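Both of the next two complexes hold subunit A, though its partner changes from subunit B to subunit C.
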Partner chain A sequence: MEVVVSIALNAAFLVSVVALVALGLGVIYGLLGVINMAHGEFVALGAYAAFVVTSSGAPYWLALIVAPAVGMVAGMALQAGLISRLVQRPLDAILVTLGLSLVFQQVFQAVFGPAGLTVPNPAPGTLTILGATFPVFRVVVIVISAIVIVATILFLAKSEFGIVVRAILQNRDAASVNGVNSARYSLLAFGLGAAVAAIAGALIAPSTNVVPYMGATYLAPAFVAVILGGAGRPLGVLLGAAFMGGLEVALTSYIGPTTARALVLILAIIAIRLRPGGLLSEKKDRFA
Partner chain B sequence: MIAKLRAGGAGIVLVGLLAFSPFVLDLYGLSVITYILLYGVAAISLQLLWGRGGQLSFGHAAFFGIGAYIYAIFTVKLQVPTPLALLLAITLSALLALIIGYFLFFGGVRAAYFSVITLAIALIANQLAISWTPVTGGNAGLIGVPGLSINVFGLELDFTSPVGGFSLALIVLAVALLVTWLIHFRRLGLIFTAIREDETRAAFMGYRTPAYLTALLVISVSLAALAGAAFSAVSNYAAPDMLGAVLSVEMLTWVAVGGRNFVAGALVGVVVLRLLNIQISTILPTSWPLIVGGFFVLVVLLVPAGLVGTFVRLAKRLRPRRLVPVEES
Partner chain C sequence: MTGNMQRRDFIRLAGGLGAAAALSPMLAACATPAAAGGGGSTDGPIKLGFLSALTGLETILGATQYQCFELAVNQINAAGGIAGREITTIKEDNAADSKQTIDKSNKLALSDKVTAVVGLITSIEREAALTVLPKNKVPLLYTTYYEGSYFDAHACDPYYVGLGQVPNQQIDPLVPWLSDNVGSSYYIVGSDYIWPRGTSIRLAELVEDSGGKIVGEQYFPFGTTDFSQVIRDIDSSGADIAWVPLAGTDFLTFLNQYHQFDGKAKLVSIGMDDVFAHENPAAAEGVIASQAYFMSLENDANAKFLKAYANDYGADAPVNAIGVAAYNAPWLIKAAIEEVDGSTDPDKWMPAISKVSLDGPMGVVSVDPTNQNTTQANYIGEVASDGSIPVIEAVQNVTPDVPGCSL
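Let's look at the complex of A and B:
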């Protein structure tokens, strides 16, 4: 029982982080058709923001406001400066973000050094849940992630912004005929996606080493989660994240982290083979 | 027909001219050109998939590195004869490509999704290489990989010397050029182009497009693995950065810099970036990923057609107009 509970709690932790990263990716991909290969660097940016905040003596919780703000500004700058120039060439836009991810990693390394930085745990101690001991901070991360995820999904579903975004998704031309400035919404969507990724970075910073390449660890499962979920379906993305994160944690306790990771990817590819349109799609949607 | 002969002739002249390198270059120059040729084959394999099939692999270094590691593991750990290890490197990688193609292309995964999954494959391969220490040597990689020497039926070919290594690289390049030439000027090349331009229409014409795309992936991966295996035979080592993200992006940069629609572009891109790497790494040893990333971004933004593509476009513009429309080559 203890083992099951502890696996479930660890899975919930990883799933919530992967879901945050994947949700941001999904928002950007859904609206711009650009797979943001530099998304992992926004995660790292959030983690570095948390490091700067805590090392300047401010409480860690301030980072949960600073990180998304920094992420949003950086994301909007990236969209305004580079990606918006490549609207007609979506593949090239992806290539640009891929090159930028290398550049960002090097910039982090130049500014903060290659060694791992640590962010002190703001909520030390452990809880005992159904016989399994679990760090308090991880519970905090799960709760905050859940709040951010629900807020983002509600925002996309209910707010005027979300309705306009979905209108653009359905028919860009018709939306612009109705007076929607889709470039402005693209800018906001990129900023929103980057901000969510930066929150994820700030949330994982206390439980890991903050290094320039840290984004890559979360990026691959997040990408596959978006593909599994079907782009443009936030709930599907959550399900995809649950698939990737949950299986990885469950398998890691038996076969070690690297093999678990490889196996999860293989299982995901098989799942994509069976349900090309995403886990939530009807089987008859299949094309090939 | 003329284009076919011209392209074939250009390939023969290139290989022929390169064959003189051992007589004019010193040992250092020879090793530089050997590595450029092998990276060039890797670039050609990526160009084949990208330019011809329209499917872009973000993790192509994985296949180069897997070829290198298979050759290294079979020769160092299992003492398999070197020619057999080379064959195993190619066939096992081809088999892997077949499996990947079956799951992705037959599953309807295309374009950006395909690119992302190949990147994930490269990340996994890199992690496996780092953490599966008993087999792969971990972070240090495998050293003391023997060079290729063939000794069958009294035929003895030794590729272990510097000149031998260069000859191996040149042969591998010739093979790669021959393969791309055969594909380009056959029906198969036209089918690949049709699929790249409009897969639905190609499927309506009766072509099983997933099968063709899988075949293209297998050919491309086999070439990359051949280049990788030859690389580890010549350099006598295999290391995790051979299948990492940086090499993957550098490969994309080679093809993008040269021009994604031209085989010559892939080669020009390799020459430009590798020479730049040698120049820069003496001044700024650690900043190569920054240069690759930045250079890549600038090329994609400013010169999307690449050096060769831009050159061809300019040459077409400068040529006097003819009354009869000329067929695009």
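Let's look at the complex of A and C:
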């Protein structure tokens, strides 16, 4: 029992972090058609925001407001200044965002130095949950992630913003003809995606080291989660994240970390082969 | 089939280009006769190369290592240089990566023509640099721990000096101490490369001889960000000791998460030192360390060294054994070159390096003529709540033992 509970808890932590990153990535890809290679750097941006907040003496919790705010502003600035010029040019967008990720990493390194920075644990201590020992702060991360994920999904599904965005997604030209300012919505969508990634960064920071290249670590599983889930399907992305994070945690204890990571990716390839449109795709979407 | 052919052609082409690029500095060197004797010239400044991980996984160690090296060079120059010649330095970053180590080693050897190279952190970097420097007759002074020929490491070369500890110096004294004071069952969590795997072979031998056992062993790829599952495995294994040879940032991540989970087994690491302890004292408190140097050592040379270091790099800047070895390196080079009347010909001064000794911050060190690793002390300490590491037990003058290496 204790084994199952602790695997479930560790998986829940990893999955919630991957899901947050993947959700932002999926929103940007689904809505803008841009594969944002610099998405991981928004995670790092959020983590650095948490470092700045805590090292200035303010409580860590403030970072959960500051990080998404900074992420949103940076994301919107990027969209307005650069990405908006690359609409319908997905390959150029990949190159530009890849370049941007390197620029971001070097800027982090120039400003904060190449060494890892520590954000103190704001909620020390452990809980015993059904026999398994688990850090209090990780429970906090899981709960906050769940709230952000549910809020984001509801926002996309129910709000006017979400409805308009889906209209743009279906037919950009028709939406424009109907008076939708698609540039404005793209701006908000990019900002939203970046803000969610930055929250993930702020949530991760106290459990790891804040380093300039940390974004890449989270980008890869998030990418696979988006592909697995089907771009533009927030629930699918969530399922993709559960697949990636859950399997890795469950397998690590039994077959070792290196083999576990390889096996998870092999299983992901098989899943994508069987369901190219995503885990939640309708039958008619499938190509295989 | 066609695809395969094309790929093979591409690899051949890429290989050819690479070889041409690697050769070009050598060709240039042949074209200028004056440059040919660079390493062995008799006047002008003496050039030392510093190559290490100044960015990436091992940044935390590389930065300190460089500053210690720089401090020694400044002190030597202020006191008249090596045999009256000034030292100039060329600093290169390899990001703890083997390919970059090879590229930068080629640059330092062939185009900068340095007299020696000092630095490197991981064994991966060391093994990579050894494919380049000795064949160009450029001595390498490696300042980090060496797994001592376990797991097929082969740092045994007349142009190589190991200033860090080898397993018989760092691990052999530690295991009996742990048996007496902590326990005898071990769970190993290491980074997945040659140093953790090699040193763990020696650990397993020692543990078996002392009647203890290794109850679990896991190795993680560089850049691992989550250790929660293995922390649970350590707990449920009931091990007395979590033995964690993890590299750089990954070690910090592990310490942080082990602290978060309030792991029960006693943490022991041959990588723990003042630099790591200083980075996150709350998480490092109580960890058992085994090193050739701690800042807490009480001797005149160390007091003087720490004062000079604090003066140049800040009062709260920590130093470790890797750094002090990098501080010792230029002093040893100076002593060896002056021993052979100022000749910078490596075939003359390298044999002399095992004839000199140094009384520095870590006590007296000397290079062993058999394997060119260093005879030095070992200290066992436990990290205190302020991140300092008071010494619990000390052994002086331990001769390095590298099985199979006889120069």
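In the analysis below, the second predicted complex is superposed on the first by the 282 of 288 C-alpha atoms of A that agree within 3 Å, B and C clash if a C-alpha of one lies under 4 Å from a C-alpha of the other, contacts with A are read in each partner's own complex, and residues count from 1 in each chain.
Simple rule for what comes next: contacts are C-beta pairs under 8 Å (C-beta built on N, C-alpha and C of every residue); 3 or more make two chains touch, one makes a residue touch a chain.
In this text the structure is predicted, and so the values were computed from the model without any measurement.
Asks: In the overlaid three-chain picture, which partner chain does A:Ser176 touch, first (subunit B) or second (subunit C), both, or neither?
Replies: Neither partner.
Asks: First (subunit B), second (subunit C), both or neither: which does A:Arg261 touch?
Replies: Touch partners of A:Arg261: subunit B and subunit C.
Asks: In the overlaid three-chain picture, which partner chain does A:Ser84 touch, first (subunit B) or second (subunit C), both, or neither?
Replies: In the superposition, A:Ser84 touches no partner, neither subunit B nor subunit C.
Asks: With both complexes overlaid on chain A, does A:Asn10 touch subunit B (first), subunit C (second), both or neither?
Replies: A:Asn10 contacts subunit C only, not subunit B.
Asks: Have a look at where A:Phe137 lands relative to subunit B and subunit C in the superposition and call it first, second, both or neither.
Replies: second
Asks: Following superposition on chain A, which residues of subunit A contact subunit B and also contact subunit C?
Replies: 257-258, 261.
Asks: Okay, in this complex, where on subunit C does subunit A touch?
Replies: 54-56, 59-60, 63, 192, 218-221, 223-226, 228-230, 232-233, 235-236, 249, 252-253, 256-257, 259-262, 279-280, 282
Asks: For subunit A, which residues are in contact with subunit B within the complex?
Replies: 35, 37, 82, 85-86, 89-92, 94-96, 98-103, 105-107, 216, 220, 223-224, 227, 257-258, 261-262, 265, 269-270, 272-274, 276-277, 286-288
Asks: Would you mind writing out the residues of subunit A in touch with subunit C in their complex?
Replies: It is residues 2-3, 6-7, 10, 13-14, 109, 113-116, 118, 120-121, 124-126, 132-135, 137-138, 204, 206-209, 211-214, 217-218, 249, 252-253, 256-258, 261 of subunit A that touch subunit C.
Asks: Residues of subunit B touching subunit A in their complex?
Replies: 56, 58, 100, 102-104, 106-109, 111-113, 115-117, 119-121, 123-124, 127-128, 131-132, 210, 245-246, 249, 252-253, 256, 287, 289-290, 292-297, 300-301, 304
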